[in-house]
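Both complexes shown next keep chain A, but they swap its partner, so chain B is in the first and chain C is in the second.
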Partner chain A sequence: MNPVLGIAGYVLREAVARKFILAFVVGITLVLSVVALSLRIEVVDGALAASRLFGEELRASIRSVDVALRPVYTAAAFIVFYGGILFGIVACSDFAPSLLSPGRIEHLLALPIQRWHLLAGTFLGVMVLALGGTLYGTTGLVLIFGVKAGYWTAGPLIAGLMACVGFAAVYAVMLTTATLVRSAALCAASGFLFLIGGVIAGFRQQISPAFEEGLSRSTFEAVTLMLPRLSSLAVAAGNIASSTPLEVNSLGMLLLGVLVFGFGALAVGFWRFEGKDY
Partner chain B sequence: MENRRRRRVWLGVAGLLFLLAAVLMFTGQGDTLPEEAPKVEFPRRMRAPERERAERRKTWVMPTVADAGTAAAERPRPRDPLLAALSRGAGKTAVVIEANALRHSPIGELLLDCLMRDGGKELNEFRTKSGVDPLQDLDRLVITDEGLMLSGDFSKAKFQDLMGDAVSMDYGEGARVYEPGEMTVAGPDGGTVTRRRNAAVGVWNNQLLMLGRTPDGVKEAIDRVEGRGPDEPPLIPEGSTYGEMYGVLSVDHLARLLPPEQAEMAQRLREVAQNVELHVDASSDVALVAEVRGEDKAKVTDLGKSLGAALSLARMRAQAEGEKEMAQLLDFARVQPDGESFKLEMAVPLDAIKERLAFCKEERQAAEADASVR
Partner chain C sequence: MRKTYRRAFRKVGNEALRGMDLTVPEGSAFGLIGPNGAGKTTFIKSILGIVQPTEGTVRVLGGSPEDPRIRARIGYLPERLHLPGSWTPTAFLATVTRLKGLKPDAAADLRLLERVGLADAVGRKIGGYSKGMRQRLGLAAAMVGSPSLLILDEPTDGIDPMGRLEVRRILLEEVRKGTTLFLNSHLLAETERVCDRVAILADGRVVREGRLEDLARGEARWMVRFAPGVDAGALTAAGFKRGSADGVFHVEAQDPMALNAALDKARAGGALLVELRRDGADLESVLLGTVAPAGAVGVAA
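Now for the complex of A and B:
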C-alpha cells in the first residue's frame, strides 16, 4: 500500500476514535434534521409564495425561488467556509503534535517509509476528513432545499469544496508549525493567524489605502501578496452557492493559487521535518 | 549529505511554490476593486426632498366666505392646486408625471435625445408658436380619465393664437375656458389649413392648463381647484406624491393594459382589486412600486401569489431563451403581501435603457451636425 495512504488511514482511524469528531457529525445531522422538519416552503410556478419556520409564517416577498433562496445559500456558504475552517483548526490541531509525540514518532520513523510520507499522509487524512464533513453537510442542505423548493443547484456543494481548498492552505501551515513546536495550542494559533491573514489578504485593495503611502503600504501589499486570499475565496463560494456573478477575475487561478500556497507551506514542513532529530 | 541535498530541494520547491501561488492568486483575484452589485432604490415612501417639494407646491389658499361671526374662524390650509383639480371618488385614474424632475434625471436626458432627434427643430417651432418652453416652463403632467392637466408657468403662453377661433370666457376666480372650435394651422405646402379642435381647454391662474373632452369637464376641474367641488378626499393624497411618476390607476384601466395572453389575470384583477397606487422612481434606475388593494384578504393574497408566479415564469422563460437582459430585469421583481394589499416591485436598470435608446443620441448628434454644416 502507498505509505502516504497508509498514514492517511491511520489519521482517519484516530479521528473516528475521537468523540468530538463524532459529535460534529451528529451536530450537522441535527441541524439538517431541524431545518428539514421545521421549514415549510410553498412554491407556485417557480415562485416562493410562502414559507413557515417552526409553524410561524415568515414575512417574505413572493419572488423566483432561486432569487429568494440566494441569501440563504450565501449565508450557508459563508457558514460552511469560515465555520468549517474554524472547526477544522480546533478539531485537527492535535493530530500532528500527537503523531510527532515521543514514543509514537520513533515507532513511525522505524517504518520503511520516507519522512515526508508521514506529513503528507497526515495532511491527506485530515483533508479527507474535512472533505467528508463538508460534503455531508452541503449535500444535506442541497437535498433539503431541493426537495422542499424544487430548486436543485450544486452551488452549495461547490462552495463546500472551495472551503476545503481554503482549509488545505490553513492546515498545511498548522502541520508545518507542528514540525517546529510540538504544541496543539500553537498549531491552532498559527491556523487562526493565517485565517485572519487570509481574510485581510482578500481585502487588500480595500485596506491598503488606510496605510500611509510609502514603506508601510508597500510592506502591507508585499506581505498580503503572498498570503492565501481566503476571504476572496469565501466571497466566490458565496457567489457560486447563490448563482450570482463571480467578483474575481478567474476562480480557477485563485483556487489553484491557494492550493499551491498550501503545498508550499507543506514543502517548508518537509524541509524542517527532514532535518529534525528525534 | 543526501539528506542535506533533499532538504535544499524541499526549500527550493517551497520558495517556487510560494512565488507561483502569489502570481496565481494575484491573477485570479485581480488587483482592481470588484464592481458593486446593481442596487435599485424602490419608491416605497416619501423622502425628505419630496416632502419639501410637496410643501413648496401648497401655494393656493382657497378664498373663504365671511360669515356673521357665528362660526369660529378657521384659517384655510394652503393646497396644491393640481392635486385639488383632480377628480374625486373610487375607480378613477390620475397619473402624475413629474416632467421637470424627469427632465433632469438620467432617463430624462435620454428621452430628451429621442425628442430632439430632428436636432430640436420641432421643439423650437412649438416654443415660438406657443410661447411655452416645455423644458423650462412645464412642471407636471397628469393623465386622467377626462383628459390631460399640465402645471407650470404659462404666463408667456399665447393661448389666443393657439386656440384660433375658439370661443373663450372667464370662469370662476382666475380661470379662462376655451371651448372647442376651429383653428388654423400651417399646411405642408406652406398654405394654411383649418382644423376642427375637439378638446376644451382651461387655464387657471396661468399655472394650470387643463385639456378635457368637454367644456363642462374642464369647468368641473376648475370648480374643484376653487373649492366648489364635492367634499371628498383627493384622488392622490399629498403623502403619496413621491417618485417621478405616481398616481392611482383604475383596475379597469390596468386590466386593459395587460396583453391578451394575460386575460385570465386581467379578469382576476377586476374581481379582486379596488384600485392600484403607482410610484415610479427614475432618479437613477427606473424602479416601479404598484400597491394593489382589495377588500378580501384571502383573494388579494392569492392574486399576489399568482402575480409572483407569473413573474417567476417570465424570468425562467427569459433565462431559457437566453434573454439575459430581461432575466436580469426580472431579478428585481417581487411581490410583497401585506394583508388586504400587496406591493409589486419591478425595476429596469438604467444601463439597459441607455442601450435601448442609444440610437436617439446618435440621430440627434447627426441632425445637429447636419444643421451646423448648413
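Now for the complex of A and C:
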C-alpha cells in the first residue's frame, strides 16, 4: 500500500473516532432532514407559486424557481465556505500535532516510510474528510431542492469544492505550523489568522484607502498581495452556487493563486519536517 | 558520532553525544545503560534516523537508517509509546503492517497478540488498556514482520513481574532465532538476564563496552567458602583473605594452576571446600564503578 494512503487512512480512522466530527455529520443530517421535512414548495410552470416553512407561508412574489432559489444557494455557499473552514480549523487542528506528539512520531518515523509521506498523508486524510463532509452537505441540499422544486443545479457542489480549495490553503498553513510547534491551539490560531488575512486580502482594494498614503499603505498592500483572496473565492462560490455572473475577473487565476499559496506553505512544512529532530 | 541540539537564540547548543563510537555485533543481545542524560535516547533515535547526527555516520544492517528498506528490517518500541486509544489492537497492528509495506495478515497479528499475552484483550479498545498492556502491544508492533533488529526502549516499563518474565522469554526467543536485540532498560537485572553485551554511556560517550561476563568479572579474584571450623590463620598464611560471612574467604589467582595450588594449601591445612566462584560484580556495581568517578552516579538508564 502507498504509504501516503496508509497515513491518510490512519488520520481518517482517528477522525472517525472523534465525537465532535460524528456530531458534525449528525448535525448536517439533522439540518437537511429538518429542511426536507418542514419545507414545502409549490411550483407551477417553472415558477415558485408558494412555499411553506414549518406550515407558515413565506410571502414572496411569483418568480421562476432558479431566481427564487438564488438567495438560498448563495447563503448556503457562504455557510459552507466560512462555516466549513471554521469548523475544519477547529476540528482538524490537533490531527497533525497528535501525529507529531512524543511517543507517536518516533514510532511513525521508525517505520519504513519517508518523512514527506507522513505530512502528505495527513494533508490528504484531512482533505478527504473535508471533501466528504462538504459533498455530503451540498449534495443533500441539491437533492432536497431538486426534488421539491424540480430545479437541478451542480452550482452548490462546485461551490463546495471551491470551499475545499480554500480550506486546503488554510490547512496547509496549519500543517506547516505543526512542524514548527506541536500545539493544536497554535495550529488553530494560525488557521484563524490566515483565514482573516485571506478575507482582508479579498477586499484589499476597498480597505487600502483607509491607510495613510505612504509606508503603511504600501506595507498593507504588500502583505495582502502575498495572501490568497479567500473572500473573493467565497464570493465566486456564492455566484456559482446561485448561477449568477461571476464578480471576480478570473476565477482560474484566483484558484491558481490559492493553490500556489497552499502548495508553497506545504513545501515550507515539508522542508522544515525533513530536517527536524524528534 | 556527535549530536548537538541547537537552540534558537543561543550560541551554544546542548551536546547530547560527544564522540560516540559503538559497534553492535549482529545476532547479539546488546544492552545500553547509563545515568540520566547520558545520551541513550538520542543514540537510539540516531540509529533509527529520527535524529540526525551533527557529525559522524550511522550504519545499521549494512545501510543507512534513512533508507526505508533498512528501517523495514527494524522493529522499534519507543520509551513512551503513544497509541491511538480509540483503536482496537488488531486495527493498530494491521495499520503498522501496512505501513511496513507488508500484506495485512489478521491471523499473524492475532498470533503476535497471543504471544505478548494480549489474547484476552483483542476485542477491547486500546484506550482501556493498562500501561503494561500498552507496552505489550508496543512490543507486538515492534515484532511485526519478524525484523532483523529489535530496538527496545524500556520494554518492560509498567509490566508486572510475571509479565516481565514473559517478555524476557520472548526476547530470548527472538535472540535465539538470530534477531539482533538492542535494549535500553533502567532495570539492570533485566539487562543482565537478557543481554550478552553491554555498553555504558556517560556524558555522551561510551565509557565501557564489552561482553557482560568480562565487564562483571572481578579480575583474578575468587570467592571460596569452607565448611565451619576452618583454621583462619592457616588460610591467611596460604594467601586467603577473610570475607564478610563466616567461612567465606577471597583469594587472588591469575590462572587455574595458581588457584588450585592455593586450594591445595588450604585443604592441606584441614579446610573443606564447600563453594567456589569467580568474584564477579553485578551490573549495578559495574555501572556505579564506571560512572561514579565522574560524579555522575544516578538512576541507571
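Side notes on the structure shown:
Criterion: the second predicted complex is superposed on the first by the 278 of 278 C-alpha atoms of A that agree within 3 Å, B and C clash if a C-alpha of one lies under 4 Å from a C-alpha of the other, contacts with A are read in each partner's own complex, and residues count from 1 in each chain.
Note that in this section contacts are C-beta pairs under 8 Å (C-beta built on N, C-alpha and C of every residue); 3 or more make two chains touch, one makes a residue touch a chain.
From a predicted model like this one, the values you see are computed outputs, not experimental measurements.
Per the definitions stated earlier, placing chain B and chain C onto a shared chain A by superposition produces no clash, and the two fit side by side.
A simple residue count on chain A separates chain B from chain C, and the partner touching more is B. With both structures placed on the common chain, the touch criterion links A:D277 to chain C but leaves chain B unconnected.
Within the superposed three-chain model, A:L109 lies in touch with chain C and out of touch with chain B [touch as defined at top]. By the touch criterion stated above, A:G9 is placed in contact with chain C alone, chain B being left untouched.
In the superposition on chain A, contact is made by A:S101 with chain C only, not with chain B.
Once the two complexes are overlaid on the shared chain, A:L215 sits clear of chain B and of chain C alike. Look at A:V67: by the touch rule set out above, it reaches chain B but stays clear of chain C. In the superposition on chain A, contact is made by A:G46 with chain B only, not with chain C.
Shared-chain residue A:F263: touches chain B; no touch with chain C.
Shortest separation of chain B and chain C in the overlay equals 9 Å (C-alpha atoms, whole Å). Once both structures are placed on chain A, chain A residues 275 are touched by chain B and, in the other complex, by chain C. Across the complex, chain A is touched by residues 5, 45, 48-52, 68-69, 71-72, 74, 76, 78-84, 86-87, 91, 95-96, 98-101, 138, 141, 151 of chain C. Interface of chain A with chain B (complex): residues 44-47, 49-50, 61-65, 67, 116, 201-202, 205-206, 225-226, 228-229, 232, 244, 247-258, 260-261, 263-265, 267-268, 270-271, 274-275.
On the chain A side of its complex with chain C, the touching residues are 1, 3, 6-7, 9-10, 13-14, 17, 101-114, 275, 277-278. Only residues 3-4, 6-7, 10-11, 13-18, 20-35, 37, 304-313, 315-316, 330-331, 333-337, 345 of chain B touch chain A when the two sit together in their complex.
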